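Note that the chains take the letters A, B and C in the order they are written out, and that residue 1 is the start of every chain.
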Amino acid sequence: MLTQFAIVIFQVIIILALAPLLSGIIKKVKAFLQMRKGPGIFQPYYDIAKLLRKDSVVSENVSWIFHAAPIISFVAVLTAGLIIPVYISNMPFSFAGDLIAVVYLFALARFFIALASLDAGSSFGGMGGSREMFISSLVEPAMMLSIFAIALNVGTTNLSVISGAVSSMGLDAISPYHLLAFVALFIIAIAETGRIPVDNPATHLELTMIHEAMILEYSGKQLAIVELGAMMKQLLVFSLLANIFFPWGIASELSAAGIALSLIVFIIKIVVIGVVIAMVETSTAKWRLFRLPNLLSISLMLSFLALISFIIVKGG
Amino acid sequence: MSELVFGSKMMQLLIALILVSTFMILGSTRLYSCVRAFGIQSFLLAGVAGIVAYSTGKSDIYIVAILTLVIKAAVIPYIFIYIIREIKVKREIALYVNISPSLIIGGVLVVISYYLVRSINIRTELSSFALSASISLVSIGLFIMISRKKAIMQMLGILLMENGLFLGAISLTYGMPLLVELGIFFDVLIGVLIMGILIFRINRTFESIDTDMLKTLIG
Amino acid sequence: MIEYLLLAPVLTGILCFFTKTRKQVEVVSVTGSIVTLLLGMALVVDVYRHDIIVTWQNALFADAFSAFIVLIVSIVGFVASLYSTGYMGHEFEHNIIDMKRLKMYYVLFHSFMFTMLLVGVTNNLGLWIAIEMTTLVSALLMILYSRKSSVEAAWKYMIICTVGITFALFGTILTYYASVKILGETGEALNWTSLLAVADQFDPTIMKLAFIFILIGYGTKAGLAPMHTWLPDAHSEAPTPVSALLSGVLLNCAMYGIIRFYTIATKSFGTEFGSNLLIVFGLLSIGIAVPFILLQEDYKRLLAYSSVEHMGIVALGIGFGGVFGIFGAILHMFNHAMTKSFMFFGAGNVLLKHETKEIDKVSGVVKSMPVTGTMLIIGGLAITGSPPFSIFISEFTILAAGFSQGHIVASVLFLLFIIMIFAGFFYHISRMTFGTPAAGVKSGDVSRWMLGAMAILIVFVIVFGVYIPPFFNEMIMKVVNVVR
């Protein structure tokens, strides 16, 4: 019981600690690719620390939703973090929820931020909120479908079990549906973390911003929580990619050496994914909003193909 | 793990990537990205041929793989890019069927191909996946031809169909006899050149390469 | 023997490329086509004696059926090259094409001949390659004039036929798959000579699938409905001598591909499946031609739709089967080739004189061009199958085969359709030939080259209607034996 408690606490600490680092690394890699010097990789920590010291400026017209939204979304994402395997494949909390719960926890977080963006009554907020919900309506089904192909193979939607099973299969796990689902989820990851070509995290240009537009009204401590929540979500989506599709090296039993190794492997995987995302960001241009459904339908179709090829390969 | 098992695993991955590239063509609205996806697909096909050559140890198939690499992955995309550049066509492709419905139809075609393959009894794991991928490539190629307005895309659709057949031949019988394969490559290359000439002609006489214009001969 | 036959048009084409004047290019072209004709005849005689000739490491071969196709190609090719001299010469004199185009025309013309001969003599199922090559070359011939309509026709032709041929390739791959199972992976596994021997052991399911793809694929090229849509455009927009080759010969080449596969396929799964498919496609082609012929406004398209009809009849004949059905179909291929080229030449004369393709605007051809006019009337009667011309004989044989094999409904429909086509076709022809010519059309016939070409063909049209020479009869019987 106590060890399980420790596992959970450790997981929370890792998520909280690594999330800003990942953001920093992606920014640094981007800067490097664009021949800039860029801020150091620890800059996000400083930013959050600074924001936490500041007071919030809040519009007079907002209701309780505006105040509650950052906390709710933060907690929702953190709860998802307890279900997604990060450094160990048998999560103590895995009984509490599976893939579908993760998708809905992310949706909950998104929903409250979007609600808060409408609450303040500024025009940008509403625009950002509506765009965000538009994208999420495409992202959520695709995300579920993409992992379903793998879930079908293992026979459960429980992420811990999936991760452990794929890990124990070794190289045998690599198969057409594995690959197709990975490509599909990768596209989803781009959309889910608000990166180019779906959204640009570094812009405040009113025509293009989505996530930034939603949180425009936040400042100080509340902004820090929202930002940290977004970073955590990014880390979690990446670890979903890493630990569902390449879970090799993840610890399944509790031992200090195993966990240390697993943690190092995890960090390497996350950084590699981050670097790839940074490369995608630098090499593509942001798409027009109305072209986004195309990208997300490609992802949806690839997930679908993954399911079909699962049936073809397995059912022969 | 024997070489053949590893080979067939690699093969499956390559075929999955070929399907991905097909959907990239279906999902793209820019001529260049379509051509790029086609080039990637041909490259992957060459990889498939290479693996088959390696695991069967037949020198004939190596030749076919190299020809695929040179002709389909390099020369033909180059011809495409040359045409696009020379006729200064608008880079966006015009559609009769929008992207999202196109993608859905593509998915349905894959399912249909699978059931078609299932209904003729060809069993082994590798060839049933490869064969359904091949038939889906053929049908998606056909679909691209009828759902895109630009003459260039019709050319691309034909080549996609041809790629599908190549995959089918490889997966069914490890390719056709060398003489026939060489002939097919020759025909494909000449065909692309002649279609290129026709596209230039269409562009010059109609000042557009939208096939919408080609509607005078009826009845 | 076969090599020389293939070499002749290639050499002619190359020589045409290096000529400087109109005179030179015409001399080279006509001489070349005479040589091709003679070599073709020689091949026919050779095959007549030896039954099967195989050369070039089994890549090339000729049996009675190949020789038959070679005969059609070389006769029509020869006549078309004579006609070209007059027709393209006229275009050249009126500055419609320049010397460069004229030269290009002859180079492509002989390349086209080469590809069609290649279809006949390829041993391999890689026959596919040769048929695709005919498409490529003839598409280039079609854009000789850069008119909007001809570019459009060429594009449609190219795209539809290439797609069709892709299906045929799939059918070929499936056949190869079936044969590899029996013969093992040799280069021989696609050769007629090897395939025929073991065809009865092929997996019937796969062969059925293969045959469907082949029928759709080559059927597209042969102009069988409903894949015929490119045909009227292409055949009406090409230069007239090329139209004659396309309608008279190229369709037969595609039909040859279908029949070859049919022979193998029926050995594997019995006759019923294949023959029913052929009957359906054949009747559909004849039926679809009816309204288009009745309501046609363009006389070259009229002839093109008539080609759809006649290819349907050939398919129907093969589908009816039996010695009579196949005999009729083979004979019909020959008769149609001769008569249709003849009609296209007549139409070409009218086009040069009246400078319009619309039936409504042409009248009084008998008055403006007495010889052409008379020939058009004869041709019109012949092509619609009236006695005593050659097509009557073959159509009658097929019809008799239909009734005797018990395909009563199909035969009755067939009879009904050709009666309707006869009425419609002859109505259009009589509107064109009788009456008074439009003002401004000078009377006087076209050049002797063109009339000479037609005179050669009319011999076949008339003579074969009343008397089939015994050696020719025997040759067709040999073809029938190959096909059955």
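We adopt the following convention: a residue touches a chain if its C-beta (ideal position, glycine included) is under 8 Å from a C-beta of that chain, and two chains touch if they have at least 3 such contacts.
Keep in mind it's a predicted model, so treat the numbers as computed, not measured.
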Exercise for the section: Could you draw the chains as nodes, link the ones that touch, and say if you get a line, ring, star, complete or other? Expected result: line
Handout entry: Top chain pair, ranked by how many C-beta pairs fall in contact
Key = B-C
Problem - Chain nearest the overall C-alpha centroid of the shown protein atoms - result: B
Exercise for the section: Round to the nearest whole Å and give the separation of the Cα centres of chain A and chain B. Expected result: 35
Fill in the blank from the handout: When centres are defined as mean Cα positions, the distance from chain A to chain C in whole Å is 65
Exercise for the section: Return the distance between the CA-based centres of chain B and chain C, expressed in whole Å. Expected result: 31
Problem - Residue ranges of chain B touching chain C (in the complex, touch as defined) - result: 120-121, 138, 142, 145, 151, 154, 158, 161-162, 165, 168-169, 172-174, 176-180, 183-184, 186-187, 190-191, 194-195, 197-198, 201-202, 204-206, 211, 213-214, 216-217, 219
Handout entry: Contacting residues of chain C [partner chain B, same complex]
Key = 59, 124-126, 128-129, 132-133, 136, 139-140, 143, 146-149, 151-156, 158-159, 162-163, 166, 169-170, 172-174, 176-177, 180, 185-187, 189-190, 205-206, 209, 232-233, 236-237, 292, 295-297, 301
Practice task
Going by the contact rule at the top, pick out the chain B residues touching chain A in the complex.
Solution key: 9, 12-13, 15-17, 19-20, 23-24, 26-27, 29, 99-100, 103-104, 106-107, 110-111, 114, 123, 125, 128-129, 132
Exercise for the section: Going by the contact rule at the top, pick out the chain A residues touching chain B in the complex. Expected result: 174-177, 179-180, 183, 291, 293-295, 297-298, 300-302, 304-305, 308-309, 311-313, 316
